[in-house]
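Working notes, structure below.
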Amino acid sequence: MHILVYIDQLAGAATGLSRELLTGARALAGADGRVDALLIGGDPAAVTGLGADRVLSIRDPRLDRYNPETFTACVAEVADREKPDLLLFGYCTAGLDIAPYLAIGRDLPLVSYCTRIDAEGGCLNVESQIYGGKLVAASSVDLPAVLLVNPGVYREVEEGTDSAEIVEIAAPDLAAAGTTFLSATEPDPNAVDITKAERLLCVGRGIGDKEAIEDAREAARLLGAELVGSRPVIDAGWLPKERQVGKSGRKVKPRLYVALGVSGAPEHLEGMATAGTIVAVNSDPRAPIFDHAHFGATVDAADFIEALTDALDR
Amino acid sequence: MGSTTLALIIVMAAALALAGYRFYGVLAPVLRAPAAARFDRPGERAAGVLRDVGLHRRLFRKTYVGIMHGMIFSGFVVLFTAILQSFGSGLFPGFGLDFIGGSTWIALLQEVFAVLILAGIGMAAYQRLVLRPARFRGSNGADAWIIYGLVMAVVATMILEHAFRIVQAGSDPWRPLSSAVAGLLGGAGENAVTGEHVFYWAHIAAVLGFLIYIPGSKHRHIFTAIPNIYFRELRGKGVLSPARDGAEGSGISDIDQFDWKHKLDLVSCTECGRCQEACPANAAGLPLSPKKVVMDLRDHMFAREKGCQLDVPLIGGVISEETLWACTTCRACMDVCPVHIEPMTKIVEMRRSLIDAGSVEPMLQDALVSLQRNGNSLGKPARQRARWTKDLGFKIKDARKEPVDVLWFVGDYASYDPRVQRITLQVAQVLADAGVDFGILYDGEQNSGNDVRRAGEEGTFEVLAKSNIEALEGCTFNRIMTTDPHSLNALRQEYRMFGCDYEVVHYTQLLLELAEAGRVVLGDGGGKVVTYHDPCYLGRYNGGFDAPRALIARAGFTLHEMGRCRENSFCCGAGGGRIWMDDRTMTERPSENRIREALALGDVEFFVVACPKDTVMYTAAVQALGVEDRIMVRDMIDLVTASRNADIGTELRRGNG
Amino acid sequence: MHVAVVLRLGPDLTEELEINADGTDIDREWIGFKLNDLDDQALEEAVLLKEASGAKVTALALAGEGVERQLQTAIARGADDAVQVGHDLENPGSRAAAHLLAPVIRDLGVDLVLTGVQTSEDVFGQLAPFLAGLLKWRVVNGVNGVRIAGEGLEATQEYSGGYAARFALPVPTVLGVQAASQPPRYVSGSRLRQASAVPVRTLDAALPEGFAPPAVASLNLPERSNRAEMIEGDAAAVVAKLLQTLSERSVLGG
């Protein structure tokens, strides 16, 4: 199987999702398959160590930053040239811009929000997330096909030897592109928008006291998570209001939500129940949070923080 | 014609013209305003005037003020005879009230009440200067002092005039005060004649000056209070005024859309601040003071009369949106006002126009959309309304399918909120054990719409009400019971506008009946000390104070009342749609204020509630204050079921909350 | 400028979804349907564009249960016109919808199409880029702020991690909306009732020859149950097991 993986970039580097796709592509393609990485703009040399057989690269001054119109035209150029069996995109903005547009234009089947892909002859059996994750939709597509894959399905490929061959492809005519870039916004390192964080560590009343907040803050940092709190913690002034999760705070949907000493009152659940993976730690085994978490433990929250800090610090 | 008479006629004409012009400025907007149907039931209306004016019934809720105002008020009534005498004798020389005792007992009364007035003003000045009650904050202090001064002037000039006359004519046993003052004035002679003359005119001037000053002062209430009380709302406390059916949509968005009774309210306010003091939103630090709403509307009305503020919008300019959304519709302001002003009704009218314009507090918007879609404010599917019944050991009758004696209208929070569901289950169990023939509407029930209406959403209220009524029409039952006072109010009072007349009882009433009939046996609460919070919509709105107290007593608990109990109960802050709104800007939640009040009693173990929203609000308050070890929130049903057990203490301490 | 907003109804996700007897779809008989959240945002953005620049707004939807009412509500929200597109499919997915709507959009003389960037069930692809692909128009997805500028428009596109970029582009264009410039406004109960008297017109459309809509082979429950998987042991043991599990599930790296 010949698989073409679209490499999405953010802040000048291949995204974690793209690196996951490369792992998945390799698994699907198998021993006698071919995995090519498709890089529009950016430096192909930075991508050669990610396990693809080739890096198909289009470079042009007009491609120095993402643009839906020009990038779609470039991907189309390569896809038409290479005619791969499978076009893999991550479920990200660029994927949404490009994949369906190409699929309908070339009459290719497309499946989105994929959480599992299995190859069976000239066919793919795919599972997709549907209805906010409440159900799973299984479908079958014949190759050639286009897939939009969810984050977290594969592990990110490890950086290895720079073994991929770089193939420079000429950009199509981009002069007629009408979409022009005006300005960019970058996240302010000081301001915190907890709704954009991928991981959140939430502390509730069961955390103990204000001093415990500092320990939690350190644990969050080590975990790569933002520290947030349930309402009582904000009311007590231990954390500022922009870090409140819940009905009257922010509604969040991170990939990982760790709730420490949070009982799981309805107003709090409303703010986080759709998170990807929810871990709850509460000394009360009857706390309602356990009915809404994926994993739980009844150890003391402070002990948990200490153990977590130790483990991550190593 | 004597020179005095001529002079008096000229002065009076000028003064009355000026006063009349000023009165006109005050009354013109009132008289010009849209109609209000307030001319019915004259007997009842007059009786109310006698109670609140004659007996100072509401004023006496503050004993100090009741006495003070009583003295000044009665003094004014009595001294009206003095005014008659002064002006009468000036206009018609020889005129006097002697033929009915003007020189005897009327004179004595005048003297006595003059002292009472002066004492009253002294009390008023002491209160304003030394006691400085918080409710005066925002009121016009200068106006008050001018009034005290003018009243003193009227009384003093009268006394001095009589004193100077007594200096010439000799001591008058019927005028002890004037006689005493006369003793200080020196001897008879030219000075005395001049003195009498001067103070006669000073008295005239003081009275006329007062008359001219009154229209521009809150003291105009001496004229407007009686009509304002007479024309008060008699339709029923729990019924909101019908929506205006204007081309611009419902609700009020301009001062001239208020009817004449609303405007009469505005010119009757004495800025006493009792409403402000009673308001839970105000206590919570929200930008709402009912007194200020009335004052701001009044000032805006007067400004418009002068042609100013024509561009200032009513909402967003005169009254802010945050102010309007802050109200919990607890009715404390309306029930406490000595002249029966209705700040809450005006707020709801203005909310209606905000709803119509789509300018709604964001969290309220979510609740209203959920109500429109699912018939409940909690965003839950309508089909799951009766899901709580799964945890019972038996199936509750479906009132839509079979006749029942008691139709239990469960309500949103009692159905869906986990903290309240355990109470709902207990109620079901107790009723079943007592052999009550009851049923529920299952998912045929929707939010009663009480607070939807109070949030200003007339359209959705009507949809909810009609849906509930349609469900009820298909049922056979004797009466409706509910644990939720808000639903009780809607079913009993509001739904009348659709032609319904349901008998609706609160579950505490039903439990008491069962206890009295021996169908529910209450054990002994061991004298444990509890305090009871009167829910606004059960107590103040629907007069239900006694059944819960009787149950507490019967169940062997000791009731230690909070200061703000019964009609003076302090709202938990959930009503009027506020439970659906953001409370982050509060300095102290009303529910926390209330828990502190209970804790201050010193010996109370359990805070007893009889409303699902109270359970939610006070449980959260106890948790927020971190006082779970000192006081626990318990529902009435907990006392009933617990007192059947021997070990009360443990039983009551078990469970959530 | 003529703006069309495509509205779609989807199952209310707060309800419990049950799988039908076939196992290929949810049981649609008893659940409530509501306007897709992101289409709600798109509608609000369209009305805001109308208020800012005088654009004409047409609410567009494929015919179905509750659609007429939804289109009337769109008018109560501020749309000028409402059109439902008749067809003979049950529950058309985005791909079929794109084929049905593209000719209608062209015929109506639309300059700008707004719709939600995705729905809860568009497993076979998203409507906005599908429409753009068929119409051969530009598309920008993940849009959170649109403004009409001269003859064209400006839009902000969101990426992950808080990054965003603003583009200027000419019409005709399709935008997949993530969020409106302001939260959707409230429509009072009385206005909703008034809206139920507004007429909605119907235009018919048919799928191209030989078009076979993609179908779900089976719908299943996800593997986990509602109750949390409890991890036993003391804090250190719990942390160790947790980190390992999260790593296996690719929630934490390495």
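As written, the chain order gives the labels A, B and C, with residue 1 at the start of each chain.
Rule of thumb we're sticking to: a contact is a pair of C-beta atoms (placed from the backbone, for glycine too) under 8 Å apart; a residue touches a chain by one contact, two chains touch by 3 or more.
On a predicted model such as this, the values are computed, not experimentally measured, just so you know.
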What chain lies farthest away from subunit C once each centre is taken as the mean of the Cα atoms? B
Go through A-B and B-C and name the pair with more C-beta contacts between its chains. B-C
Just give me the whole-number Å value for how far the CA centre of subunit A lies from that of subunit C. 21
Per the centroid of Cα atoms for each chain, what is the distance between subunit A and subunit B, given in Å? 57
Between subunit B and subunit C, what is the separation of their C-alpha centroids in Å? 49
Touching at least two other chains at once: which residues of subunit B meet that condition? 379
Going by the contact rule set out above, which residues of subunit C touch subunit B in the complex? 12, 14-16, 30, 32, 34, 183, 185-193
Going by the contact rule set out above, which residues of subunit B touch subunit C in the complex? 249-250, 355-356, 358-360, 362, 365, 368-369, 372-374, 379-384, 457-463
List of subunit B residues in touch with subunit A within their complex: 363, 378-379, 417-418, 582-584, 623-624
Listed in rising order, the residues of subunit A that touch subunit B in the complex are 205, 232, 235, 241, 247-248, 266, 270, 288
Subunit C-facing residues of subunit A, complex: 10-11, 15-16, 20, 65-69, 92-93, 96-105, 109-113, 128, 130-141, 148, 152-156, 178-188, 193, 196, 223, 255-256, 276-281, 290-300, 303-304, 306-308, 310-312
